[in-house]
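The two complexes that follow have subunit A in common; it is paired with subunit B in the first and with subunit C in the second.
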Partner chain A sequence: MSEQQNNSGNSSGGCVDGGFWRWQEYHRVLSDKLWSSSDVITAGIDVGSVGSKAVILVNGEVYSWGVIRTGSNSPESAIKALDWAFRGTGLKQSDLKYVVGTGYGRVNVSFANKALTEIACHAKGANYIWGPQVHTVLDVGGQDIKAIRCDDTGRVTSFLMNDKCAAGTGRGMEVFADLLKISIEDIGEMSLNVSEEPPPVSCTCVAFAKTEAVGLLRKGWSKEKVLAAYTKAMAVRMSNLIKRVGLEPALVITGGQSKNVGIVSRVETVLGVKCLPMPNWRKDGIDPTIAGALGAGLYAKTLYDKTKNT
Partner chain B sequence: MKDKKVEPKKIMSETTQKEIDELKNIIKAASEQVIAQTIERLKKAYPNRPKEMEYFDEIANLFGKRAKELGQAKAEGKKIVGYNCIFAPIELILAAGAIPVRINSGWYDTSKLGDRVVPVEVCSIVRSTIGAKMIELSPFIEQSDVLINVLTCDGMTKLGEILGDYKEVWGLSNPRIKDSAQALKFWSEEIKQIKANLEKLTGNKITAKTLKPIILKTQKASRAFRRLQSLRKGNAVISGRDAMLVNQTYMWDDIDRWIEKTDALCDELERRVQNKEWICPPDTPRIMVTGTPMFWPDNWKLPRLVEEGNPPGILVADELCSSERILYDPVGIDEWTMDDMLNAIGERYLLACTCPCFTSKDGGNKDRINWLLTKAKDNHVQGVIYYITKGCMLYEMEYTRVKRALDKANIPVYYLDTDYTREDAGQLKTRVEAFIEMLNAQIDII
Partner chain C sequence: MITYYGYTDGSGAFYVVINSDKCNGCRNCIKQCPKNLLQIASIFIDLDDKPVVAIKPEHCNNIKYLCAQCNPKQNQTPCITSCPTKAIKCISEPTNKNNHNNP
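Entry: the complex of A and B
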């Protein structure tokens, strides 16, 4: 297994320009797998509002991936994410038999054979990562929260999506990271670093919650306590969405916020259930952030096989 | 009927006529463009679109042919009666020699103007209709001599008061418990009052002799309408948007002409059924929409997202008071006496209606659920979209019961809430497409 992080620019902690919201771009190759020209290589590209993810699959098995920040240009982000996934694999675009685009910018993946929504793809990806026992998926993306119900094969049976407000989403967390001057990757841990859980902030609207947080800081609350109050409010909002769609165990969380232990543990507390354990993505497990792109890659394999059979 | 002096432009008293005219011209020009673009889009989306749709395309221009005809009729001394709800007894309006036109607004831009008068939480249709009146945009509202305002929900009730600043408004109150002993009696009295008002307005007495041919006419319209809906039961020969457009034009078109053109369209569609000339591949997911009414021209967002989605679906049925509910039930007459005709009109508007403003003695709007389940079965519906615009509380709240019934019947349903805005199109697209993908997965397309 090889891993590389993007050290260009100010991605590490982002303290140079105050960009505390910046999370790290990276790519990975699962090196115990190899590919040959006779293999079916497919890719899934998930162009989200905040992050773009590309996953390469060899015969329907995850081989490599790349995670980058979505720039202002979606088509370019798609290509860039794919390039990151290709790093260290020797693969190139012409080796791909079938590509499925997904996410907010799915129509902008110019080289994709088909576009599918991230809802279908996250369920499929979660099914691959955790197995058939997954029946409820909470995908917390950059600007959307989706609660998805699926069957043993990862097919969507029902879903709900938040409205156009950014409350409870990754973007909302970025705003808080910047406000409190804490790296986005640390805020989950920090939010748990309180002796007693404070009441959730009353307003989940990012703009108003920010005002409320400033007020709490002035009142003498610690950063940890403010984070705990905001994270709790977000977790309640997510849990309500899950309750509305109907929670059927096992529950998993995908998307960028799956790495926020503050969110995950609070969702578990509110709902009274445990999520399936997070794969050890820093080592040899699959990163739940890429679930959408992974699902797209799996659908790409299925769709490719279909074209072969007809 | 009182001869009250109506003071005009009360709700925008601070605005000069010049400003009103400017706003009107801008929004009107934009709206004409939207109408033309929407029709062009339909033509492009369906290269084999039925030829007979051409007529409805023309009538779809709210500022075009029909508006001029109304102006002419008015100049000749005819009265025009605007109405906000399909409970308004069209037969009586016609029998009095007046012309009925529905006035609910589908303009997004005018809903922003309505925000100056009522809070944004108020239903988009109400806000938009107020806004349309503020800038004198709608030829139908402007040319109406009076408005019949049916008090179906809170928004509509107060809409009548606001519009009353400009025009004479007749409130028409419907009972809430449809099957109570008093309901029909109460409603009949309301209908009789409208009849008396209409006679006074037009100077024409409504008699058995004048009413009978009108009832025969609307029965004929109902037959043409039902013929169109039944053509949507098999493989699709017409898009949902075109069917909705035909249904909706009934609300302002000349009825005799509408019947003739709808029958001509049905003839064409029947030929297409025989030639197996489908409007989309037969495995396209078949969708029914229910909920808040969708008004031409701007609020055609959802049908477009469904039918031009990736993957696309096809609307094969709806349960909207802006479309399939308009004419579904004809007036049923036993004897052609005046009493019987009036009773039949009352029953047709009250008992047949599935609007969530009703409940029943045992506490549910069962008629709506039965209607949905029957339609879903007859039209081979694979999924239902429950469509809501913000502030449409009756429909919002009835969702739970409808969902329970559809769940039981194993029909997937998706709740889609939006507003009179273009800004959420990307989000809605994902939601609609994910729902269609879900239906596709059930039939193994993905």
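Entry: the complex of A and C
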């Protein structure tokens, strides 16, 4: 496998040239719905470290959304995400009755009526997508991991955030995608393509894990096996956070890594529970990446109603 | 809402746990903390912003070392004992008991 050797010899390169870490920006409108000027239109904007998400709601129901990569300019990313969510809807910023910003870049959403922590928003969004049976939410973002416990209404009861470093986060996966020259979308499937689960890498720190991975590749490990070992280490780390806040079923995973089947299945194995699958009626609809922005949009509707009543 | 501040790494787990439902915002713990790690922050609960005590964001990643001098293992730190509503506790679980603490 000469290609592999080339890669391992080249590992010091950054992620600029290859672009394997680049995931697809997109937008969607739920076409079975329409809006009129009498409707209450609200928006939630989640400016994350890696992705910016905007969700438009009509009378508290999801209508459209956009998902883009966060650029170096957070205020611009917020506006761009909103523009993507507006595409094909005929809506514009002045139609919005209330906007809530969330995510680590929430202070940069200049046109937001209010900024909320992503903790509250993810729990609310997960509650909307999966329903009241959700009691534990694992949000795996680009830069941190949050284990959140909530009640039947999506109100947060306890949470733990790992914000020490990028270990075991979406950004770590992007670094691996680039190191192994595999598209970020394929990384989960590929990590499951091993005959036997290898031991997890000893260190989830992105910088050290990369060095360790290069060593393993040189030892003749396949890319799949290296990915499996790293994904396993991440899953163990995430599971430990969940155990700390206490796992109360049902469990769901939100954020970009919810699309990584390698992560999801290993977290399920370590914890001994299944995550809730996407509900059938929303299978081709809502993406768990937008849970935070969706929760922000739902709070926007509630807060707007509150201002009308006082 | 219960917030866990801290982390688990190779040396074990350390968390300061603050229950914002119990916190009455009296600031006793803020005054008592020898390292000045605490502040009042607003937390969004039931559509309102409630002022409760929180770890300053810049200290979240090193509280284990900053908190070490108060001996959190005994759960008798100034912040814990000064709290009238028992809203604060510490979780300190070193992996290796022979670990020396950072001075």
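Methods note: the second predicted complex is superposed on the first by the 287 of 310 C-alpha atoms of A that agree within 3 Å, B and C clash if a C-alpha of one lies under 4 Å from a C-alpha of the other, contacts with A are read in each partner's own complex, and residues count from 1 in each chain.
Note that a residue touches a chain if its C-beta (ideal position, glycine included) is under 8 Å from a C-beta of that chain, and two chains touch if they have at least 3 such contacts.
Computed from a predicted model, the values in this text were never measured in an experiment.
Superposition of the two complexes onto subunit A shows a clash between subunit B and subunit C.
In the superposition on chain A, no contact is made by A:Lys92 with either subunit B or subunit C.
Looking at the shared chain after the overlay, A:Val245 reaches subunit C, while subunit B stays out of its contact range.
Of the two partner chains, both subunit B and subunit C are touched by A:Thr157.
Legend: residue contacts after superposition of the two complexes on their common chain; A:Tyr104 is shown touching subunit B, with no touch to subunit C. Residue contacts after overlaying the shared chain place A:Asp144 against subunit B, while subunit C stays out of touching range.
Contact with both subunit B and subunit C is seen for A:Ala120 once the two complexes are overlaid on the shared chain. In the superposition on chain A, A:Lys181 makes contact with neither subunit B nor subunit C.
Among the options 38-46, 308-316, 326-334 or 344-352, the segment of subunit B that ends up inside subunit C in the superposed model is 308-316. Across the superposed pair, subunit B and subunit C both touch subunit A at residues 116-117, 120, 155-161, 163-164, 299, 302-303. Of all residues in subunit B, only 310, 412, 414-415, 417, 423-424, 426-427, 430-431, 433-435, 437-438, 441-442, 446 touch subunit A in the complex they form. Note for the complex: subunit A touches subunit B at residues 104, 107, 115-120, 144, 155-161, 163-164, 299, 302-303.
The touching residues of subunit A, counted against subunit C in their complex, run 116-117, 120, 155-164, 240-241, 244-245, 299, 302-303, 306.
Interface residues of subunit C, counted against subunit A in their complex, comprise 1-4, 7-9, 13, 15, 43-47, 60-61.
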